[in-house]
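Structures are listed in the sections that come next.
Each of the next two complexes has chain A plus one more chain, namely chain B in the first and chain C in the second.
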Partner chain A sequence: MATLELTIDEGVAAQPAKRGRRLGLLFWLAIGWMIFMFAVAILAPVLPLPSPTDMDMLERRAPFSMEHWLGTDGLGRDELSRLIHGARISLVVGLCAPIIGLTLGGALGMLAGYFRGRFESLVVGSMDVLLAFPPLILALAVTAFLGQSILNLTFILGVLGIPAFMRVARAATLTLARREFVIAAQALGATHARILLRELLPNVILPLFAFFLLAVAVTIVVEGALSFLGLGVPPPISSWGTMIGEGRESLDVAPRLAFLPAAAMFLTVLSFNLVGDTLRALTDPRQGAL
Partner chain B sequence: MAFFVARRLLYLVPVLIAVSLLTFLIASLLPGDLAYTILGDQATPENVAALRRDMGLDQPIWWRYLSWLGGVLQGDFGRSFRTGQTVLQAVAERLPVSIELMLLAQLGALAIGVPLAIICAARSGGPFDRFMTGTAFGMLSVPTFLSAILLIYFFAVELRWLPATGYVPFAEDPAGNLRFMVLPALTLALAEWPGIMRVLRSDMIATLQEDYIALAKAKGLKASRILFVHALKPSSLTLVTITGINIGRLIGGTVIVETIFALPGIGRLLIGAIYTRDLIILQGVVLLVGAGFVIVNFIVDLLYAVLDPRIRHGHA
Partner chain C sequence: MTDNTLLSVEDVAVDLPTPRGNLRAVDRVNLTLGAGQTLGVVGESGCGKTMLSRAILQLLPRKAKLSGRVMFDGQDLLQLSPEKLRKLRGRSLAVVFQDPMTSLNPVLTIGTQLIETLQEHLELDDATATRRSIELLAAVGIPAPEQRLAQYPHQLSGGMRQRVAIAIALSCEPKLLIADEPTTALDVTIQAQILDLLAREQRRRHMAMIIITHDLGVVAGRTDEVAVMYAGRVVERAPTPALFKKMRMPYTEALLAALPRLDAAPHTPLPAISGRPPDPTRPLQGCSFSPRCRYAVARCQTEKPALQAAETSAHQFACFHPIETHAEAGA
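After this line comes the complex of A and B, so read on.
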């Protein structure tokens, strides 16, 4: 973090051409881990893996072996296979929920920042109500009533992300809408739709995307927390959070059952945070790179 | 100042009404009929209809909201249909546990974050600073339930120094109470200190560039005095803001930590209500937590205005 911030402060602002090289080793390691996770998650059905749900009561909590690379869990299920299939759940929820926030929150924020006036007050006010609840409490309450399913979970976490995306989009639009190129487009008689889509959107999308990556990290954590409590994805499916929750029961005999999914989750969340934070620093309008 | 408070109070009313409305709508509009939930398997159409009439579920929704809100305003949040306890009793019993936990966690986070921020700011860019900012960034990616598991593994399973779960009230056995509180509070503190440290550090680096710090150095004041007195004081504002921003996450973390460490607090009450589908308790707790959260934020705003005159006069 410190090294990243320093390189951006000193190097990039002065010499934008060197930006690519200055991102640092950690940034690329994080990108590499993300690509690796996505690859195994997408390829899981075709990889030569044992089924993640097949139980083998004779091989409960088996240690690492050629047959089970990462051993088996308390019910004799292959740990590696469960990790990879768990990644599918965590990543699907972690990516899809922020996409809801990105599109709805981003659109609302841009419209609010561009049109201002009463519409802006209405949007900001209703978002304040959503923010009036501690997010985890609201997520818990809504899942309790809606029932547990991946779709419901994604939907709730997505809606909870809308206010934050709205703020980012609105703040970026507010500063951009006063810039010369927008005034020039207005003077040329461009329609509101054209200004929003062709002039503002390409500039707002960058900070929004950086924030999207940070939101993915947060969503993976919240989904993990809910599943850990047994209130996230419904039982036969297991995400990393579910696995950590199960592993907690056998901390004294087989701590790795909690630590392996914990490490996978930590590395993934850290990668998204690292890449998101680096991109945010690069696209931050306050850095005055333009 | 009075004008400022009045204006903020006026804003508080619609937000609280919206919070109550949202809580009510979540509980009422979403699928699942309360009468079926209460009666369970023995539900026949006749006794479901009778119960719905008793509970007023056959009334129009706006009427149900108003009568519920009327009850809430008179302190009647309803009663659990499982234990017969009223929502207020249940909450009053468990609130001290959660508040103690959050206070200890906040103290712990300050005890870790503030000294680290000062040391890092004093030698910003140095190896220690780079190491600690890196660590803080990494810690931000460790979910609460993860650090809880790590702490339980090291201190309860391996070293056997501290209990993993359990609770005794402070009034009965203060030392025992603190022993049970160490790991939960530490778990939350581990999640909170990076935010405190990062913001306070960059704030203090900026403060240390000010002319009056140069003057203090020129006067030959000791470095520790400059850091702790001259530089830390103006940054206390930042700490108040941070606390306000973090309180939502702290409440969420408390729910998780209470569940993991089996502490009988509000979070445990909430999770228990979800498991047993005790909707009245759930609705009441969500409303109280939401309202409490809004009011704490309101107090933080006021505190901020007390500390910084620019805000209460509207210059900021």
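After this line comes the complex of A and C, so read on.
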């Protein structure tokens, strides 16, 4: 009689499924860059940096030196300092605007996906209207009308993000609301609010958060584009987009003035995308399996 | 009807609008259940068992139309305000669903799900609720209940999950527990354990229970009364011993014949019920089982048999040619 060989190769058995290993080096590099960016941006006022707005007309477009690590820009302002202070603007707008979208869009999407019916048609319909506007043109129009300020910029970018968040939240809620655990919760006498907040929200928040990180990346780029066009933050405040815009004038003499902020933006956006993608990949199969 | 009656389902019908027309999922069902009693509802897939349980709980799909009366503990559930109904569910009426994989929230810990249910209905403080949760988990036979509280449903096996679902259902000491195919998603050895657990907890808490299943074997030793459903109607209803002693409806006989038997010789073909249940959107004029019934005669195709009493009024069946008559005719 044949016996079934049940011993597992010890090397295989000893290998625990480590999450860290699966995430890969690139993920941790991205996280590292994000932490570095945030730390520098938050600590900017206490760091021993020259003022980002002090001009030194004698040292215009100065090359790298001990005094100015990354040189100076066309008006003799310290490039490194402007880059770091620009990160503050880019990150604040890049984070706050998607938070507006996440909160409002997420709430609308969950309500629409849970209650269905006329409310859903109304929400989806109005979001389609909002989506039909060319976003950059709308942002241009609003900043031109309400004036250039960080608050206005954040607000308009946030509103533009609502439809996308609404769709993600609604799609997730639609599938989840039919799961048996929602009926089970109803059978246990749970209120609608409880089902939405305690049963559905913890499930919906995973794909929403992954999408949030991607939205941060997109928002940083859009903020850069608006600032590049001169409709972002008002001068002399620096943001990466403004710096690229200013650097354009001296591309032939000092291309680094445009490329340094572009590289900072590129790396930051790439990091957010990488982390967002990894998290989405982590949450997606689990959603399907359960 | 005695004062002991906890649940009475009177003329309940459920209509579901579908693109192909109106679907009558439950067709004028009458049932009563006394406190502490167990009722088995048996029938094959799609015969309206689950819809009946959802009708009792008032958890039907939004478009479904419900008519009739569901009296529970002296209150008509159909007339109750949503708020009162909500308070009744979980507190007095609880359910265990078929698939423990989907009836627990995948992203909340076992403890969160149990404790929140307890706090929702009983207004306990955190420490008391935690202690009761541990007691409940221990009562349903979960080893190391303290550690389970911090675990997620995917860390438990199917049988364990169903035990947790039962613990949640039992948490507020309901008067009626509806077990909707509680063992269908589990393997056979676990099935017996779960059914024994349900029976034990039922006796201990003196609650009434409705077991919904497609397996006559499940209801045989564990119920006081059995209702056999076919195409949305109750076709035979009897106290369990009477049903198994002398079944009258050919459908019940066919269901029982379709059970695999331990004493049968190996490779004995399992008699299946030929054909499929009728399309519920196209109701038959006559007995809905007639196309598949081996005793069917012309009358069965034109006239619907009503429920009639057999020897005792407790045993009812809906058939023009109950099985015994055939035996006599053959003798």
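As a convention for this text, the second predicted complex is superposed on the first by the 266 of 290 C-alpha atoms of A that agree within 3 Å, B and C clash if a C-alpha of one lies under 4 Å from a C-alpha of the other, contacts with A are read in each partner's own complex, and residues count from 1 in each chain.
Here is the rule we go by: contacts are C-beta pairs under 8 Å (C-beta built on N, C-alpha and C of every residue); 3 or more make two chains touch, one makes a residue touch a chain.
Predicted, not measured: the structure shown is a model, and the values here were computed from it.
Within the superposed three-chain model, A:D277 lies in touch with chain B and out of touch with chain C [touch as defined at top].
Within the superposed three-chain model, A:N203 lies in touch with chain C and out of touch with chain B [touch as defined at top]. In the superposition on chain A, no contact is made by A:A193 with either chain B or chain C. In the superposition on chain A, A:V46 makes contact with neither chain B nor chain C. Residue contacts after overlaying the shared chain place A:L25 against neither chain B nor chain C. Number of chain A residues touched is higher for B, counting chain B against chain C.
Judged by the touch definition given at the top, the superposed model places A:F181 against chain C, while chain B stays out of reach. Those residues of chain A whose C-beta lies close enough to touch chain C in the complex are 116, 179-181, 183-191, 194, 198-199, 202-203, 206, 286, 290. Residues 57, 59, 62, 86-91, 93-95, 97-99, 101-108, 116-117, 120-121, 153-154, 165, 168-169 of chain C are the ones that touch chain A when the two sit in their complex. Of all residues in chain B, those touching chain A in their complex are 15, 18-19, 22-23, 26-27, 30-32, 125, 129-130, 133-134, 136-138, 140-146, 149-150, 152-153, 157, 247-249, 251-253, 255-256, 259-260, 270-271, 274, 277, 279, 282, 286, 289-290, 293-294. Across the complex, chain A meets chain B through its residues 1-3, 5-6, 128-130, 132-138, 140-142, 144-147, 217, 221, 224-225, 228-229, 231, 241, 244-245, 247-248, 251-252, 255, 258-259, 262, 265-266, 269-270, 273-274, 277.
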